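A, B, C, D, E and F label the chains in the order they appear, each numbered from 1.
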Amino acid sequence: MADFEEAQDKLVLGGARPPLQDPQERRVVAYHESGHTLVAWLTPAADAVHKVTVMAHGRALGVTQQLPGEDRHNYSRSELLARLAVLLGGRTAEEIVFGDVTTGAESDLTGATRLARRMVTRWGMGDLGLVAFQTDEEHPFLGYELAQGHDYSEATAARIDQEVQRLLAERHTYAHQLLMEARESLDQLAQALLQEETLGQEALVRLLGPRPAMAEEKPD
Amino acid sequence: MADFEEAQDKLVLGGARPPLQDPQERRVVAYHESGHTLVAWLTPAADAVHKVTVMAHGRALGVTQQLPGEDRHNYSRSELLARLAVLLGGRTAEEIVFGDVTTGAESDLTGATRLARRMVTRWGMGDLGLVAFQTDEEHPFLGYELAQGHDYSEATAARIDQEVQRLLAERHTYAHQLLMEARESLDQLAQALLQEETLGQEALVRLLGPRPAMAEEKPD
Amino acid sequence: MADFEEAQDKLVLGGARPPLQDPQERRVVAYHESGHTLVAWLTPAADAVHKVTVMAHGRALGVTQQLPGEDRHNYSRSELLARLAVLLGGRTAEEIVFGDVTTGAESDLTGATRLARRMVTRWGMGDLGLVAFQTDEEHPFLGYELAQGHDYSEATAARIDQEVQRLLAERHTYAHQLLMEARESLDQLAQALLQEETLGQEALVRLLGPRPAMAEEKPD
Amino acid sequence: MADFEEAQDKLVLGGARPPLQDPQERRVVAYHESGHTLVAWLTPAADAVHKVTVMAHGRALGVTQQLPGEDRHNYSRSELLARLAVLLGGRTAEEIVFGDVTTGAESDLTGATRLARRMVTRWGMGDLGLVAFQTDEEHPFLGYELAQGHDYSEATAARIDQEVQRLLAERHTYAHQLLMEARESLDQLAQALLQEETLGQEALVRLLGPRPAMAEEKPD
Amino acid sequence: MADFEEAQDKLVLGGARPPLQDPQERRVVAYHESGHTLVAWLTPAADAVHKVTVMAHGRALGVTQQLPGEDRHNYSRSELLARLAVLLGGRTAEEIVFGDVTTGAESDLTGATRLARRMVTRWGMGDLGLVAFQTDEEHPFLGYELAQGHDYSEATAARIDQEVQRLLAERHTYAHQLLMEARESLDQLAQALLQEETLGQEALVRLLGPRPAMAEEKPD
Amino acid sequence: MADFEEAQDKLVLGGARPPLQDPQERRVVAYHESGHTLVAWLTPAADAVHKVTVMAHGRALGVTQQLPGEDRHNYSRSELLARLAVLLGGRTAEEIVFGDVTTGAESDLTGATRLARRMVTRWGMGDLGLVAFQTDEEHPFLGYELAQGHDYSEATAARIDQEVQRLLAERHTYAHQLLMEARESLDQLAQALLQEETLGQEALVRLLGPRPAMAEEKPD
């Protein structure tokens, strides 16, 4: 079984690499992945975490794996807000624990920004109202390279940027509060990762308790 | 007959897909289509709805089909405003019923925005007066990819965006009021869709009563 | 003779099409063409109308044909202002009579906007003074597609747009006043078009009386 | 001799065309060319006029021919200001005499604007100081078509436009004053052109007297 | 051994060139390299300097070589701030000592600006918050040449520039204070470089004493 | 020897051309070159002038030749400021002496503007601080033609333009004061050039006295 799982991981994540040499760098990665995991665990609308590891795979120094609940077609605004918070959770843990941050969050930030931009420009989920814009992203081949491919004014471009940054700033604040309140769990999770290197769902339940039920409250 | 109708639908909409698994996702789709249908039913200048379904076809999870009254050449401003309201009706129903919204309105928003932009830039139906602008859209091949293809200033681009967003915001408010006042019909329609999966014109008349006559009042 | 005239019309306008089915649509077209015709008839600097029809030709649902007075090389500002007013006369009649407007004015608005832009940017006939700008229009092949082909600043582009919109707004006001004062003639003309389908110069003189002489007053 | 001169004119200007049919159009052209000629005659820094005609050549309906004083390499600011005034003199005469203006000044305005732009951007002769800008004009092949080829900011582009328009407006005012004060000569010159069609230097001296000597005053 | 080291240097830096002729130019280079070295020596988060030379190699008139502490994957904000300060240290020494500056800092400024821009746009290390932007740099082939390849508004572009300049200005101030306080060491180091031409780690320790331990304080 | 020098000049400057015909044009050129020469002679940080001529070579109507002091690698800010002043000195002399200016300074202005722009954008010598920008100039092949190749915002572009114009305006003021104070030398130099056509270093020392020693003062 273990062999099969390893093979599957290799397919998805790239082969495992030798462990990091530098102890401080290992600590940063452990807290970064713990941040992702803990925000997902404590946010009801987020997809469940079934595995987290500080074993480097491909270019990633650590991985937090989530499973969507079922075969889904549409996503609600509250689910997407949860996803933003999970993406920002790694960097937020670095800030809280080390008072310094690293370049390791680059792909998290890229992904969160792109998702927030889609919420604002395609799905009418920002404060610009029910409107959809043709953005540069939709021309994968020529769009970025050749021109300002969007169909809106500079004034609208500035409002879109403001909305994107507002969405991200609010989820950053949310993740920060969540992790500050659960600081003890964050330390335990990072500690366990440094010792065990990889934690599955059972180990997570043992460490963190069961996930809170999906709240009935409306999103902000 | 049923076979023929199925074949025709397949041609237009893509083949039917297996029903949605997730009950919450089915409810969202049922209310979304009910929103389109009810706004069209209650807006005299809108085209008549002859069929609505929550059976997924191709990429769409549900479909509301309208028939234009006759072979038409021109469209009046009031007819286009009605069309905008119908397009926004699906998302508006989601807001009212669930207090959350989904990514499912993407093509509605794209279509409504494009229509509103044409009203402002080609047909002199916004507050910019009797003027027509060469927009990016008219260069389907090179326009978007290669350059800022329009022939007006940034200041005018910003005024166009404002007008487009004003038109959409006003129709959103209109649809919201209409559906709030007809909330009972909205629930009945969604309930019927969840049970029957597809409703034809006769079923709609039975549920909603006859459509109101075309009002004689002028548009705003 | 009639055959010859038909052949000539077909050459210029595209073949005649079957009459419009929808009575309301026919009324809109009749008033639209009557608006063009009446503004031309009552504006001394405009070219004479020699024929107007609500028979659809090619893509046009109706046609108002004007004849320039003689073989001309240059055009004066007052003649061009008259041409703008005639172009806007069709839509203006729709506003006055129906309180609603249609998409049918698209090519009128495009033509009027392009003419107003040339008056401002090439012929020094706006408030920007004696100056000529290289605009995008002059690069029919590459200009629009590839780049912002003009040689002036965004601030100047905004002033050009303002001037273009001012010229159009003033002619719109002029046409509106003219048609309001001549509302009775407008109704008679539209009525005659609905009955006769096509009116030549003699019929127009019978309906509207002789054209006013060219005024000696200076243009605004 | 006359044959030789005709041949030479044909080479430079295109073949002569049949005279204009419309008497009003002939009057406009006669005053337009008289405006060019009179401003040149009365502005000491302008090149001497040796011939003026209202015979149409190629696309031009009239021609005013000037001869530079000697083989020149550089041009002074005062000479270029004189050239701007001569270029604007034709349109200015139309304004004064007819209270209306025509499209016939298009190439004058294009030439004057291009010259004024070079004074500001290449030769440090505007209020922007001793600075030279790379403008779009210097890329005859690709510049206009493909991109915003200049190397300065939008703010500078706006200041350049202001300077260009200021230079042109000041020369317009100068030409207007000059022609208002010499209105009698303007009428005589136009009258003579309508009768004679072409006037050489001797006829001009007979009509207008000798040219004023080059003033010693500094340019503004 | 010396031969091997020379060969290695040649590979990395290009072959050594004849010494500079002009004594003032040699002094400027000696102080410039001493500035880089001293800022690195006194900033705990900076990589260690193991060699500094005023022998010209390839296009560089002097070289300061640093060794990263271990095989690193991520970099922290405080390490990157230290790197900025080291890059600006050469120019800063010129300012302090000569009251004049030279073109010799061009590649330092280019490198520091590019690094600061990445901190702001990719790694969320500026005041714009946790957001990542697609910048022009990421399209090495087409990006710069063909278009404005970034996906943000002019307003955001201006904020990015402000952040980049703020980061650089703060590190400039830091380097200035550090070198003013250590002016005596700066003079000794430059003097030694003018005499010895190249200094290794042992010579540096003898001149400057041991490097200060990594401070525990948080970055600003 | 003279033959060799002539051959060398021909190589560098293009062959000598016949002298200017127009006496006023010769006077303008003589004062223009005297302006360059005198500003260089009186500015300690400027390269030494070894020859000045009003014989036309290639496209230039006159030439002032400077020799850099030694084989140089870097240039200081004060040397570059001196170079700007020398470049502007020709036009400045025209202003002072004739109260009018000519198109003859075009290449001086282009060169001075390009140099000032590099000081601001590459070498951190303006008020923007220690920062380097990727400008359009660095893409000689595609940069200008195809796109806005720079990597900074419009706001930064405007600040760069302001700095460039400030640097040029300050050097213009400096050159103006210098030449006003040395007006007598300017007249003598121009007179000598009109008589001798070419002056070597010895003749310059005889006319102007020895160059002032390099001042110890810091640049502004």
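General observations
Assume a contact is a pair of C-beta atoms (placed from the backbone, for glycine too) under 8 Å apart; a residue touches a chain by one contact, two chains touch by 3 or more.
This one's a predicted model, so the numbers in the text were calculated from it and none came from an experiment.
Touch-path distance (fewest steps) from chain C to chain D is 1.
Comparing the contact residues of chain A and chain B by number shows a mostly separate set, under half of all numbers used being common to the two copies.
Chain geometry summary: the mean Cα position of chain E and that of chain F are 34 Å apart.
Chain A and chain D have Cα centroids lying 68 Å from one another.
Chain B and chain D have Cα centroids lying 59 Å from one another.
For chain E, the set of residues that touch two or more other chains comprises 146-148, 154. Taken as a graph of touching chains, this assembly forms a single closed ring in which every chain touches exactly two others. In ring order, beginning at chain A and turning toward chain E, the chains are A, E, F, D, C, B. Contact residues of chain D toward chain F in the complex are 70-78, 80, 122-125, 128-134, 139, 142-143, 146-149, 151-156, 218-219. Note for the complex: chain D touches chain C at residues 20-22, 25, 28, 61, 88, 91, 98-106, 109-110, 112-113, 117, 135-137, 144-148, 154, 157-158, 160-161, 164-165, 168-169, 172.
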